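Working notes, structure below.
Chain naming follows the written order as A, B, C and D, and within any one chain the residues start at number 1.
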Amino acid sequence: MPTTLLEQSSLFLQQFVNGMTLGSIYALIAVGYTMVYGVIQLINFAHGEIYMLGAFLSFSLVSGFFGVGLPFVLAVTIAVLVCALAGVLLDLVAYRPLRRSPRLAALITAIGMSIFLQNLALLIWGGQIRSFPRAVIPVFLFAPALQFGEVVVSWLQVVILLTAVILMVVLQLIVHYTRLGRAMRAIAQDQTAAALMGVNVDRVVSYTFALGSGLGGVAGILVGLYYNAVYPTMGYLAGIKAFAAAVLGGIGSIPGAILGGGILGLAEVFGAGYISSSYGDGIAYAIMILVILVKPAGLFGRPSSNKLYRG
Amino acid sequence: MHLDDRLFHDKKLYLPLLIVVLILPWLPLGQAGPYVIRIATLTLLYMVLAQGLNVVPGFTGLLDLGYVGFFGIGAYTAALLTIHYHWSLWLILPLAALNGALWGVLRGAPSLRLTDDYFAIVTFGFSELIILVIKNELWLTRGPMGIPGIARPELFGVVLDQPWQTYYLILFLLLLVLWVVVRIRNSRLGRAWFAIREDEIAAECVGINVARYKIIAFALSAAIGALAGAFYARWFRFVHPDMFKFWESILILCLIVLGGMGSISGALLGALLLIPLTEVLRIILPSEFSSARYLLFGLLIVVMMRWRPAGLLPVERE
Amino acid sequence: MRERKIGDTLLKTHKLVKRFGGLTAVKEVSLDVRAGEIVALIGPNGAGKTTLFDCLNQLTLPTSGTITFAGQSLVKVVTPTDRQLIFRLSLIFAWLSLLWLPLVLGVLWPLTIFHLEAVLALVSLLLFRFYLVRPLNKLRPWSRLLLTVFVLVDAVCAAVWFCRSEAFAKVSFFGLFPFYPLLVPGAILLFLGALILLLMFNLPRVKETFGQPPHADAVTRLGMGRTFQNARLFFSLSALDNVKLGRHCRTQANFLGTVFGLPGARREEQDSTAKATECLRFVGLGKKLSSRAGALAYGDQRRLELARALATEPKMLLLDEPVAGMNPSESRELIKLIRILSQAGIAILIIEHDMKFIMNLADRVFVLDHGELIASGSPAAIRNDKKVIEAYLGASDATAEA
Amino acid sequence: MNTGRFFLVLAGLVLLSLSAGSVWAQAEKIKIPVAAPFTGPLASFGEGIKNGALLKEDEINASGGINGRMVEIVLADELCDPQEAAAVATRFAHDPQVVIVIGHLCSSATLAALPIYKEAGLPAITPASTNPEIGRLSSYYFRNVYRDDFQGDFLAAYAEKVKKFKKVAIFYEVNDYALGLKDAFTKAAEKLGLRIVGAESYMAKTADFKAQLSKFKMLRPDAVFIAGYAPQATLIISQARSLGLKCAFFGADGLDDAVLLKNPDAEGLFVTTPFLADQGGARVNDFVEHYREKFSLEPNWFAANTYDAVGMAAAAIAAVGLDRGKVRAWLAGVSSPEKAYQGITGATYFDENGDCLKAALVKMIRDGRWVSAGEQLR
């Protein structure tokens, strides 16, 4: 172990930076879970796969996997848009027909879609880890942005943090100050009542999926760049952890997802750094289970509705 | 009476099936014989697992995404007891089942109050933690080195080393499990489970101790999973954490979704269709596609939920 | 007027309060129902009638107040002092499980592979116990039995390893423990603590403190049946199965009995089928034994629910708007049934809006408004009560404004 | 619906499809199955195995086959998964035309398939599984690759004696291969006086190594030993560089893969390998040339070892015919340097456990290409 105080503290700082980066990525994914859950009370298990899709699409477009290599910015834009579309399609094909079915059916469908998409990616891109070709990525991303002592913060980390913060602020603005946001909140309160008030529920749900999946896609691209690794099973673990973050923050709450993501990212990095690196994933699971058992409403969630019927 | 139960009470239905299953190892299958028997053994094993899983989501209506954890616990219990103490399979089977039941109760007791999705997530997390422990605690489980060289099953001192012998062994276990599950389903206990699945509050109001019956369901389900695991370890003669991936839980779930949740014969049918199918697909699909053949399973789940949520052999009361 | 024998007080509440967050749904309601009596509970919408029912059969926990049913106290409000006591007991109890540690490890030490499993098992044991002990006031009979067993085993454990203290020596963890000399006296204290705890569980005072479990199923077993405003049936089960489920709390067959088809379990099953059929005949569903509950007409569903409640052999029935959605002839039938039941000595507490229905049927009426009991007495007296008229008119004014 | 008939028909269909699928078409050719992960994360290793086998197949058939009969390589993909491996193994074990299997890359897959081969009396050669247990458990399993413990020892010695490292950190994946390596390396390092300043682990399916690498950075090791596989190793190295960790990296044969060549950060990485393409006689040059020609790829050691394993299998069949017992006996008879099989990876002969004794070689990345390290340790 590092011995001097300076080393200890710079290690701590470095881990903190790593944790915040990871956390902001989790937050971006978690928002997708939380928005969908808030609106239609469904854990969209396939959300992790959308994130994976974002990474793969941007990789493919940039590296010319589909025949043409596009400029970075264009490729990323297209990837995010396709992800948003994929989210909408997912809802349209898999979940919408089950709106009136028991929740269990929708949940199982979500798992089925997750398996399907993961294997589809395996079929298209193969199981290997893919890396973005260095040549097409803006070079500055890999340069250190800040360096004090041993602690290095790369531009990529800065970009990830900034992107996450900006997107979250925009999202909050959308949810609180637009017609769409108002409709979303109305549906979250009471779907039937919202429909009676003239809210087009299906369309709002589609927009919700589009927004959530778009953010998931952004997270996928950022992760693909950050670790320089894109592979079909990446969505599974990240998805679960992001879900844990959403639960921790209180599912259904967007600020909760942000906070949960941050906490989870830090917990994971510090857990791996200070406790045991092989139980890094376990920490996420353990937090998730504990939160569900002890405080299912999470940090910011509404208290879970009374289990009793209303008579 | 359940439509489902006709399979178990109507001689005309079950006798031919039983005969086919019983004489299967002696059918003239030529050189493919041992291979077919192995696949049949695997199918029967998954039938046992499907029956076990069915108890929780099928009977009590709680989605269990971590069933493979109990399968793993059973397999590792059997593997460790065999490697270190060389105990007989017949001693190990009940011990493994007990150990499984213990962990089933430990997992279930705190999550009694949870509803659908949160329960599913907790079960998932729990089994992932179990597998993580198995992977990392080298001194106990040898972690990713696996435990090779486990002794074969034996009966009265006779080592069962022929494929047909293990086939009959798992067949025996399956019949045992079926016997228990069918009996319980049609009893006061099974009725209580169905009541809980339908309406927990109404169940409580007619005097059913919901917590207790849920716990019994968890214990029974986990015990069956662990029983299958114990057999699996002795049959495979090697256990490794990679054998108990999350995917296995989904596969078992797939079996009961296909057959119909809560339907005992449905779970059998699901395994009968899907387990050989995975083998057939492996053979007929080219290599690049065969690794992605689980795509079909995902699709299957989605399609079933969309068009036949009650499964191929739905549970219906006549 | 009627030839019914009104018996002793069966149900009595005293200053029952239920709050949901800031909203007080039930405000200090005190009422009583006697055996064989038909009592109606009326009040405008949202007056808290159904919530009161939920409190009575313990679907929700009242915030304060007491309920006595059939001589048993259902709710015992836990005071801060009680809570402290419970907390301390829980701590002692959880600590007791540590007694197992040296023994288990001492026995298993040579077989080193079981270290983690033993430790994990113990940790889980501890957690599990904490989970069990935390709501000591909500103990059910069977979990109390379990606790007794635990305490006994702890005591035995302690006794065993006093006799062979070399168990200590084998556990390196205890070697590191600086208070080694204190362990044995400590263990003796724990042992005594265990005994005291054991005694306390069986002391009447403690029994009262940790009273009867506030759970609907236990209350049902005590003899309080209930129906719901919108029939809550097991819709995919047959009518007969629904009613047999009502028999559930009067049967005992356990896991082994059913699996092995022991004669006792079989007889019980036949018996419960017979009784269930009888109940169904009584409410007039004798011909629809095997139809799916979900496929029955609404009126039939309501009657099925009544049959299910009857199958639990209740001393008292809580009926929540039993005639809502029934046509006049059906409701006349129901009135007849209710009369027969009350003649058999079953107390009936009934929520109803239909004043005519109440006037014909009820012996006494309680009126609830905004959670408060505003009037009680004979139907005739209630009809002319100023407060009641005000409440109804005022309530309708209020709804018109809203 | 008549459920019974439905079930019967169904069972019949399943049986039919099974037997149809599993009965091999009768062929004149001698079948040599090769099982490895050809898809999935380790596909690039499997690729080497496949290509090596196919190259040897071509070569044997071009020279008239084995005693006049052509050879056919049957590829079986097992994804490095124990269950898949067992299923594949069962198919081979019960196919009377198969007298020897080449295969299984991952040790977990090999260990799962091992009891099945053993019961069927089917000999097998693994070109890549280095787990020490394999030889002990079955007398039907042979390998023409060294064991983990040997490799670990060797690496420690090389790091200490040739590279003169003083402080080394170990970064290992939680799998059988890496754990074996790590243990052997640690033990040998202790003996040699090489300081292990830290050991961290990572799980197979992760791509985030920053937490552990940050820790390494503060430990200031001379080098980091990556015990694991190439796909992760390339990520580890990139992430380490982006964190400003400037020390050297080295690894074992699991890192010997072309994927690292694409990574400019991996310059200077050195690994052990059983095979060097640029050092060896005319046969090796021939092999490399043919390989490049056929697959337009650089051969890795998996290809070379598989090439030799298939060669040994062919030699055994040529000598004793299509008989599992005799083939096993022939292989077991290759037990001393004099009787050794001379292949492109040097002389291969087995000890009583079926393990082989082979030299380990070192190669490194220079200017984006694999080259032999200037100094070898013999």
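Simple rule for what comes next: a contact is a pair of C-beta atoms (placed from the backbone, for glycine too) under 8 Å apart; a residue touches a chain by one contact, two chains touch by 3 or more.
All values derive from a computational prediction rather than experimental measurement.
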Steps in the shortest chain-to-chain touch route ending at chain D and beginning at chain B: 1
Innermost chain, where centres are averages of C-alpha coordinates: B
Farthest-lying chain, centroid of Cα atoms versus that of chain D: C
Computed distance of Cα centres, chain B from chain A, in Å: 33
Separation of mean Cα positions, chain D and chain C [Å, integer]: 64
Averaged-CA centre spacing for the pair chain C and chain A, given as whole angstrom: 43
Mean-CA-position distance for chain D and chain A (Å): 37
Multi-chain contact residues (two or more partners), chain D: 39-40, 174, 203
In chain C, residues with contacts to at least two other chains: 59, 228, 232
Residues of chain A whose C-beta touches two or more other chains: 122, 126-127, 236, 278, 281, 308-309
Residue ranges of chain A touching chain D (in the complex, touch as defined): 1-2, 7-8, 10-11, 14-15, 18-19, 22, 122, 126-129, 131, 134, 142, 144, 147, 150, 152, 154, 156, 223, 227-229, 231, 233-234, 236-237, 268-270, 272-273, 277-278, 280-281
Sites on chain C touched by chain B in the complex: 57, 59, 111-117, 121, 124, 127-128, 131, 140, 142, 215-218, 220-221, 226, 228, 232-238, 241, 244-246, 248-251, 253, 255, 258-259, 261, 265, 268-269, 272, 290, 292, 308-309, 311-312
Of all residues in chain B, those that touch chain C in their complex: 80, 84, 102, 106, 109-110, 133, 137, 139-140, 179-180, 183-184, 187-189, 191-192, 194-195, 198-199, 201-210, 212, 216, 315, 317-318
Residues of chain D defined as touching chain B within the complex: 3-4, 7-8, 10-11, 14-15, 17-19, 21-23, 38-40, 75, 77, 79, 81-84, 86-87, 90-91, 93-96, 107-108, 111-112, 114-115, 119, 131, 133, 137, 174-176, 179-180, 203
Residue ranges of chain D in contact with chain A within the complex: 39-41, 43-44, 174, 198, 200-203, 205-208, 210-212, 214-215, 217-219, 231-232, 234-235, 238-239, 242-244, 259, 262-264
